[in-house]
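What follows is a set of structures to go through.
Common to both upcoming complexes is chain A, partnered first by chain B, then by chain C.
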Partner chain A sequence: MAADTVIAPAPPAPVTSRAGLSPLARHLLLAVLALAAIVLLSMVVDPFTNVRLATVGYYLLAVAGLTVLTGLTGQVSLGHGAFMFVGAYTVALLVVYVPALPFWVDLLLAAVASGLAGALTGAAAARLTGPYLAGATLALAVGLPSVTQRFPDFLGGSNGLGFTVNSMPAGLAGTVPSTRWQAWVVWAVVLAALVLLANLTRGRVGRRLRAVRDDEVSAALAGIHVGRMKVFAFLVSAVCAGLAGGLQAFLLGTAAPGSFTPALSLSLLAAMVLGGVGSLWGALWGALALVFLQAGSEELTHALALGTDVSNNLPLAIYGLVLIGVVLAFPQGIHGIGRTLRTRLRPRRTPARTSADDEGEA
Partner chain B sequence: MRLLRRRLGPLAGTLAAVLLASACAGAGSTPTGGADKADSAPGVTDDKVVIGTHQPLTGPAAPGYSTISAGARAMYSYINDKGGIHGRKIDYRVEDDGYNPTRTVEVVKKLVLQDEVFAIVGGLGTPTHSKVVDFLNSERVPDLLVASGALRWDDVAKSPTTFGFQVDYTREGKILGSHIRNNLGGQKVGVLHQNDDVGRDGMKGLDQFIADAVVSRQPYDPANTDVLPQITALKNAGAQVVVCECVPAFTALAILTSARLGYKPQFVVSSIGADPRTLAGLLADFAKRGGTEVSAGALLGGLIGAGYLPDAAADDPWITLFKEVHQKYIPTVPLTNTVVYGMAQAYTFAQALKEAGHDVTRQKIIDTMTSGALKGPGLTPFAFGPDSHSGYTGAYIFKVNPDTSTTMIAAPVVTDRENGPIKPAPTTRKTPTEIALVR
Partner chain C sequence: MAEPPLLRVSDVTVRFGGLTALDRVSFTAGHGEVLGVIGPNGAGKTTLFNVVCGFQQAQEGSLRWRGQVLRGHSPHRLAALGITRTLQGLGLFGHCTVLDNVMIGADRHARTGGLAGFFGLRRTAREDRALRERAMAVLADLGIDGHRDALPGALPYGLAKRVALARALVAEPDLLLLDEPAGGLSEQDMEDLGSRVRHLAESMAVVLVEHHMDLVMKVCDRVVVLDFGRVIADGTPAQVQADPAVTEAYLGAVPRA
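Then we have the complex of A and B:
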């Protein structure tokens, strides 16, 4: 999937970075190294940690999509859970009704479906700003999962759809535990998508998007079609969220409306802010926090043997407190902490790093 | 550019290969089976047995159901303090899934893969548990006494390790339908049902008796707590009897909303939402949040419900035992039929564990379940056998008195999940003393 399409969006004259590699090569190299690290990590940890590893993967992709939308075009979306819903149900329906299709085709079609949903939303959203945009996207998050109630026989109603995705090649069955295989598949897809995203944001399209974010009038004067760029950003972002939803369906074998509440959209947004808006590294920190902060605080409350009312709300409270703390101390999120430290330790580097550099990191 | 392409070829190829590797078979086709792990006993050591469950401690089903695990835990503590089963203490791990299927999959994977539980016992909810049945069966984890009455738990060929517990919704629907036809004949009937197996399976039974009398069927979604449109539709259709195939929170909402509209149908509620003491608590709680006070007795008086376990206030040897356990371990939690449910479920599992013998394995406990040896606290027998993984086979009908106590108005009956007749239940039951689970 990635092999041909990766080459296409590369800028006509690749800028070589300090390592002497073009950004595309650097991103690909990083992605392959990351995949190798994930494979190694998945071999040493227990099967359930592999599930969590894969969970981090698909959240990372969803948050990355959101951070590209917000960081590059300044649009905000409170409805990314709805795009995950579209992706998850596309995969679910294809697995249930077209069982002969291989999984990667299901996933591609999930990307197409969520891209369509994103383009439609984007077309409406391009006319809205600020609270109106937030309200419109929130309405999407609240309303779209209710579609399942309208067609209970086809979409399963509140029950949703349950299925098992068979993706393991026959040669690996029995030798690789299924959770490890799932982690590999999820991360391979996520990293391939991130390479595309990173190149997109580094290249011509990224510059145009930032131009629109900074000043719509001057961007329009420079010949950039403002509305088209905004719709495009929504499309890219929705594809990421849709892929994330498809991967979630693959990992968990379920798609049900109860999993795509507005709370999901808001927690994606919170993870983005926590990690650092506009940075793909920030998306990683946000996704890690989303999974492990929650898991850690749940284990803490289990260990403390608190009352049900306290232990059920404590993880959320801890997450909220960490979010407030990080935003107060480091307005640029967790990624900002690293950047601040780096700047202090190696002041010589400072002038070399432009804002485009930050946003293109992968 | 050519240099770039050459260098990137292998790298991109690796990424693509991993993706394409999954292209070997259709995503929806049945995978080839793994190794048979049934004869092992993970989670069992010399001094303990680790079991797990998923429960809605938060979310839309929590009001009403969150005390089930409290009852179960109390029963396990009682058994453990009496020496456990075959010298092993039962380590009962409860995970909150918030009635959210995604969370259910996560927590059940955690229980099976990380905590390495011996069995999942009493996993609660149809939308939730249906998403983990395939996983549990492929891992050969005993999936015992599912806390839902959907028909799908009884599928011996596809889900050999899954067993139901409570009376299934179709059997119960037949019993409720027959009662309505015989005692409330000629009245217009409306149905309020949860938009999933609860409603579908329930109406399959109801319609065998009262399909002609039904004037309106209204589904509700557990995520949406506004049932005004549904109740208005039932009122406008002129329904004099409203059958509620609902979880407790929605029975309470339906009753409150009807009262607000000045609509007073005869409510007939399936067992999952008919515990009067739980309903009384919910009515008071919901009304308080709405800024009013209600008399639970006045609202609940006359309500007809179904049950298969002895009522928490009944004069019954099992209730005597449950009261003792309740007094000792959870005196602050009101003793409702919901708590009784948790205790009965825990007792039934402990009994199966004992019957399976000292050298218990996953296969042995499944054999015990199908052996027909289990005689629980219920007023009707279990259907467990080689060809059936269904739980209780029937129910009795009760009416709620104005003081929220209950009176049995139709003795326990049993039936099957198809078109078979409804017959009186056998009157002989084993008492806890006869079963002598612990000393």
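Then we have the complex of A and C:
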């Protein structure tokens, strides 16, 4: 039949597997190299840049969580700032009210709290689709931070909670500046979480999540519990955001509702799209863009001495314009630039024929 | 005592509002047998599959699998029971490669839990390799292993249909439900499909919903005819073809002189 010859079969490559290294070992190795690079970088830059470095770190984790949710299961969350809020306040409350706990326990509990919030949201979300899901998660982002106003004594009202975390080992005090130490802590946690995420998404679970995203009926027929898979993705994603929030609180020494506006949630979503949906590398490009575009445009407005109305909103506007520009030129985001260019430069082959008789059933 | 049939559908009734899509439908499907289910458009064939798969709850009647009544039946349990299905269209995972599509179908063979996935242990890598080998074997058997890295949308329809079949077969089912597998196929592909279905019936039961009568009559051991949700005939292809009620159902729309 002619259709059989439309596409030349791929060369019969053997079924390969990177034998020897387990996925864990491979991803750990990469993470250790990355951490070493971060440590080196942190030694040569000033304290201010170290804070920025750490900021990229926790945004990277938040965006990575979002990309697992959207890229792998096709669920959209306009409310990931709310999970960052949960993580940040969990850390803040524990530091303030249970100062005896070591910081890593605080972070672990922040992960648990945000995971719980994520699972609940996911359970509700599994019954919602498209615009309804987006609306529900947006409501979360708008509503949750205002809880601080209801309990001003406990949660500090709109000023939030301020505190200091004494996490530096006694041996390092005096020799390592605190911002450098903070950058190390943030990146160590972020890279550890990314190793787990990479293991998950490259393996069988990632495949199951993608199946749910592409066709729920077929996924169910393959033995996948679709609802459970969606809730699981929300949980994982919220844990990432919660850890990011906890790390932000650690870095800034405060947790305040003003840091978790709906604009934050939208920025995270935009960073994911900008970087390239579904790829952990894309999350890195997105986080870099989020931090450095913001910083760059703040400096720009500063230099132009514009009024506060303009200077408060200009960074977001610039960010939006860059997003639109990149997505128009490279629909697969920054991470897809190479692939997009390659397909554009290659002469187009005979487009494959597909039948229109492809109705969604059941 | 004789072994019960693999699948026994008893008096299943499904109504959509005022429309009765299935009306006290009963039949059995046994190991080593190809059962055809035919009927005019809208007769209830797909609805019947949806009931067997748990997508559609029957208002009345029951399903038995290996003699056990299926209660609280839901689609994601099917594969573990040993039942797989292809859909009337393609239902492929459009953004996953051909190989991934088939590996997802093989998922019932995997054992490691979700936690192991987080830690990427050697065990999970080994299991993944085993799934891949199973998938590649089925792809090779269907002659499409060369397309393993393609996305389904890039394949011609006939090949994409084969990927859908591979995904169902790799689970090694005891009962295979095929909803119009020949739809959109060329003569040659249909020929291949026919002999493949015959071959498959040596190791499982196959239920075949099809509009191509020559294919049905050639490969089926038994044929159930549905019309407006009722079973109007159940017998060998020859018996069914000779049944006046069947001719009536198919020609019923044509006004007689």
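We take it that the second predicted complex is superposed on the first by the 305 of 362 C-alpha atoms of A that agree within 3 Å, B and C clash if a C-alpha of one lies under 4 Å from a C-alpha of the other, contacts with A are read in each partner's own complex, and residues count from 1 in each chain.
Everything that follows uses one rule, which is that a contact is a pair of C-beta atoms (placed from the backbone, for glycine too) under 8 Å apart; a residue touches a chain by one contact, two chains touch by 3 or more.
None of these values were measured; they are calculated from a predicted model.
By the document's definition of touching, of the two partners only chain B reaches A:D46; chain C does not. Look at A:F232: by the touch rule set out above, it reaches chain C but stays clear of chain B. Contacts of A:A329 after superposition: neither chain B nor chain C is touched. In the superposition on chain A, contact of A:R204 is made with chain C only, not with chain B.
Judged by the touch definition given at the top, the superposed model places A:G162 against chain B, while chain C stays out of reach. In the superposition on chain A, A:A303 makes contact with neither chain B nor chain C. Judged by the number of chain A residues each one touches, B leads among chain B and chain C.
Touch criterion met: A:L196 reaches chain C, while chain B stays clear of it.
Of the two partner chains, chain C is the only one that A:V217 touches; chain B does not reach it. Judged by the touch definition given at the top, the superposed model places A:A256 against chain B, while chain C stays out of reach. In the three-chain superposition model, chain A touches both chain B and chain C at residues 1, 3, 6-7, 22, 24.
Per the touch definition, chain B reaches chain A in the complex via residues 4-5, 7-8, 11-16, 18-32, 34-35, 57-58, 66, 96, 99-103, 105-106, 109-110, 113-114, 126-127, 130-131, 133-135, 138, 194-197, 219, 221-224. Interface residues of chain C facing chain A in the complex, by the touch rule stated above, are 46, 49-50, 53, 55-56, 74-80, 84-85, 87-96, 100, 103-105, 107-108, 110, 112, 114, 117-122, 124-125, 127-129, 131-133, 136, 145-150, 153-160, 167, 171, 179, 183-184, 186, 188-189. On chain A, the positions that touch chain B within their shared complex are 1-3, 6-7, 14, 22, 24-25, 28-29, 31-32, 35, 46-49, 51, 55, 91, 94-96, 98-106, 146, 149, 152, 156-160, 162-170, 172-174, 179, 184-185, 188-189, 191-192, 248, 252-254, 256-259, 261, 308, 312. Residues of chain A that touch chain C in their complex: 1, 3-4, 6-7, 9-10, 12, 15, 17, 22-24, 26-27, 196, 198-200, 202-205, 207-208, 210-211, 213-215, 217-226, 232, 352-355, 357-362.
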